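Heads up, the next two complexes both have subunit A, just with different partners, subunit B and then subunit C.
And then the complex of A and B:
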């Protein structure tokens, strides 16, 4: 029982971290209608930007996160404008393939600059908090709190700001949005900035707990996809629900399978979901 | 030097088979397989394990074909009904899972140690030099055979139906084509070809390990097919040769750069691959040898299809 409860807690924690880049992925998918594989590189770039701010400038976690968000947002917009934008009218698959190539380029720019070695953040070491027999790391708790704050900020942005409403309008019906005077090019830029920025922040949150290297983002890519598919491709609340469900599923699976198969859980979850409920938990469109 | 050329040409042939596999479903029914490296691995391991258990090499290659097709069907059965982006995501995950299985199921794959001493057909009789010539011939003939088959398929009514599905699947369904069946058959055949390529690779290297099947291979093949021309088997083969030569050329080019760490050299080469793919997509998306769409035959001479 205590094992299951601990798995549930751990699952919610990892799920909340995956949710942040999954929101970024889903936002880009909802507005621009293509699966962006480069979010893996954005997550890695964010992790390295925050690591640099943390170890070189000596910044604490929150300002380092802000730097990671800004850096990846800008990188994302520049990358989108230079290498993906002109391919959008050739269909989602072509843009997706270009985003894979883009991912390869960005990942290797990081590798070129920082090498393949693992790097750790410079953080105060703290003892696990104990509640009866349950254990929670204070670092994980902080990351969880940050993830929740970021998600709340994103929802408030989408719900109440002009840009947020315009983004939802374009996601819902691009033609109608244009008729209403919304400039799709501007919305695309804002969306990519947010999506890439959130991926970058997600990369930091995931790296805080362990260490980072050029493949940090690629390793969570499948989980991000799984979260987005589970929740319903293109749905932002769905991405959060999907990420939490995936996190719990992964931790529960660890009770019965070796830890090395962790990423396989996401794959099995995708297959099952697509077989029985292809539109996902909260999604509408699939076929 | 000669043995280097022979080695490179053999590798070209193996990549050409992968390119033909991708071209069949991408240029055919308009789907993408981001798990090519996974099917490549499945074929390599299937043949390595089968021949390791005592089966002759030809049986090993046939096993790779069958296992590849079956795995392809199992993985995509649920996904092919859905929008194309789902298949991209599922196949990417598939390749990763195959790598995990290869790493962890030691009883089957010997984990990260890999399987060594894979049978090299006729190596004892021919010697090292003779074997490399004969193997190059085997690979090249296989490429020619598969190329001829797929070209024939392209020109047949079956191929036309596939391309109709690629262009507009609703219209194709309306015209009475069984869209899902075509997609499943095309995917199974494509997976089988990728697996055959893997089997040829395994017996060529006589060693396979999970490290041989990085997702990077899939990107090489996408570059090959886009550069050569999507939808044309000759283009795919040509593109594969170009990519391998490009890869080898970058190996020499980076030697000229002084003062770089090996990891930086490797990173630079991968950057060049990525940039090349993005450039091709922007500047010449139809490839070097674009697909030729034959004119519809005049009604009076039209054969019954």
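And then the complex of A and C:
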């Protein structure tokens, strides 16, 4: 029982961290209609940007997160405008493949600049909090709180700001949005900035928990993708629900299978979802 | 007769394919002009180029006396050129009423200050628009579904919302892309009735339609497009009798 409860807590924690880049992935999909696998590299870049701010500039977690968000957002926009954008009208599959290539390039730029070694954030070491037999790390708790705040901010942005509404309008019907004077090209740039930025923040939150290296983002890419598919591609609340469900499923699977099979959970989740409900938990249309 | 819309030598390419190869025609003011042609003739593309969604490669579009070539879509809507879409998807999360309100001309809520202020004039304008939306809904018999989300409507009702939305923008000329396609015959007849009534009230309409019986009943003149150009034009009987039109539809005899 304790085992299951602990797995549930751990699942919600990892799920919340996955949810942040999953929102970024889904937002880009909703507006630009292609799956951007380069978010893995964006997550890594975010993690390194925050690490640099943290260890070199001595910044605390929150300002380092802000720097990671800005740096990754800019990298995302530059990458989009210089490479992926040209391929957009060739179809979603072509851009998706190009984003995998872009991911490799960016990942190796990081490797070239920072080396292959694992790096850790400069954080105070703290004892786990104990609730009876349940254990929670204070760092995990802080990351969870940050993830929740970031998600809430994103919801408020999409729901209440003019730009958020314009983004949703373009996602729903770009032609109609244009008749109303919304420029989809501008919306696309902001969406990529937000999506890449959120991926970067996600990379930091994931890195805070353990350590970072050039494959930090790549390791969670499948989980992020699975979470987005599970929740319904293009649906922001769906990405959150999918990430939490996947996080819990992964942790639960650890109880019965060796840790090597953890990633298999993501694949199985995608497979089951596409077989029985292709539009996802909260999705409105099949992708 | 004055012209509502003059299209001259309009050209447009897609990846090197000449989709519009110099389209020339005029929609007379107050007319109910029909635009027909086999699939792939470039009819919808022409609408997209005229309504500002695509940028033409050459040629010109004039709305009455005003040159409008290359203007962005929202400027064209403001100038009175309003179109409907073949796929009447709309914004799935909005209700019918919200849809209509969204396309009201000069919405006060669109600029930040009046939206925050909710000044007297802004409120009055909004009340006017709401009044207008209700009027249009009554006219199109959408009043009983005003608060339903557009996704809950039947295919025919969605087409009516498309027309209603266009009317909210106070159009001088309405470009309609197959507003009756895929709609059951009774509702298609009703839509045709609405369009005839609107035209009789002075609205210029240019209609893309595949149902020849409808074109024959509603439209004069009829313009036939094929392979990115205007093939011929005239009354329905004239173009129907034209051997080239039959050839374009049925394929060339070998």
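Keep this in mind: the second predicted complex is superposed on the first by the 286 of 287 C-alpha atoms of A that agree within 3 Å, B and C clash if a C-alpha of one lies under 4 Å from a C-alpha of the other, contacts with A are read in each partner's own complex, and residues count from 1 in each chain.
FYI, contacts are C-beta pairs under 8 Å (C-beta built on N, C-alpha and C of every residue); 3 or more make two chains touch, one makes a residue touch a chain.
Since the model is a prediction, treat every value here as computed from it, not as a measurement.
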> Do subunit B and subunit C fit side by side on subunit A after the overlay, or clash?
Replying inline: fit
> A:261 contacts which: subunit B (first), subunit C (second), both, neither?
Replying inline: first
> Of the two partner chains, subunit B (first) and subunit C (second), which one does A:101 touch, if any: first, second, both, or neither?
Replying inline: first
>> Looking at A:229, would you say it contacts subunit B, subunit C, both, or neither? Reply first, second, both or neither.
In response: first
> Which chain makes contact with more of the residues of subunit A, subunit B or else subunit C?
Replying inline: B
> Just subunit B (first), just subunit C (second), both, or neither: which does A:86 touch?
Replying inline: first
> Is A:275 in contact with subunit B, with subunit C, with both, or with neither (first, second, both, neither)?
Replying inline: first
>> Just to confirm the value: shortest Cα separation between subunit B and subunit C in the superposed three-chain model, in whole Å.
In response: 9
> Which subunit A residues contact subunit B in one complex and subunit C in the other?
Replying inline: none
>> Applying the document's contact rule, which stretches of subunit A touch subunit B when the two form their complex?
In response: 34-35, 37, 83, 86-87, 90, 92-94, 96-98, 100-105, 107-109, 111-112, 115-116, 221-222, 225-226, 229, 233, 258, 260-261, 263-264, 266-267, 270-271, 274-275, 278, 285-287
>> Considering only the defined contacts, which subunit C positions touch subunit A in the complex?
In response: 51-53, 72-74, 77, 82-83, 85, 89-93, 102-103, 112
> Which residues of subunit A touch subunit C in their complex?
Replying inline: 162, 168-169, 172-173, 175-176, 178-181, 284
> Which residues of subunit B touch subunit A in the complex?
Replying inline: 30, 32, 34, 75, 78-79, 81-86, 88-90, 92-94, 96-97, 100, 103-104, 216, 219, 222-223, 226, 261, 263-264, 266-268, 270-271, 273-275, 277-278, 281-282, 285
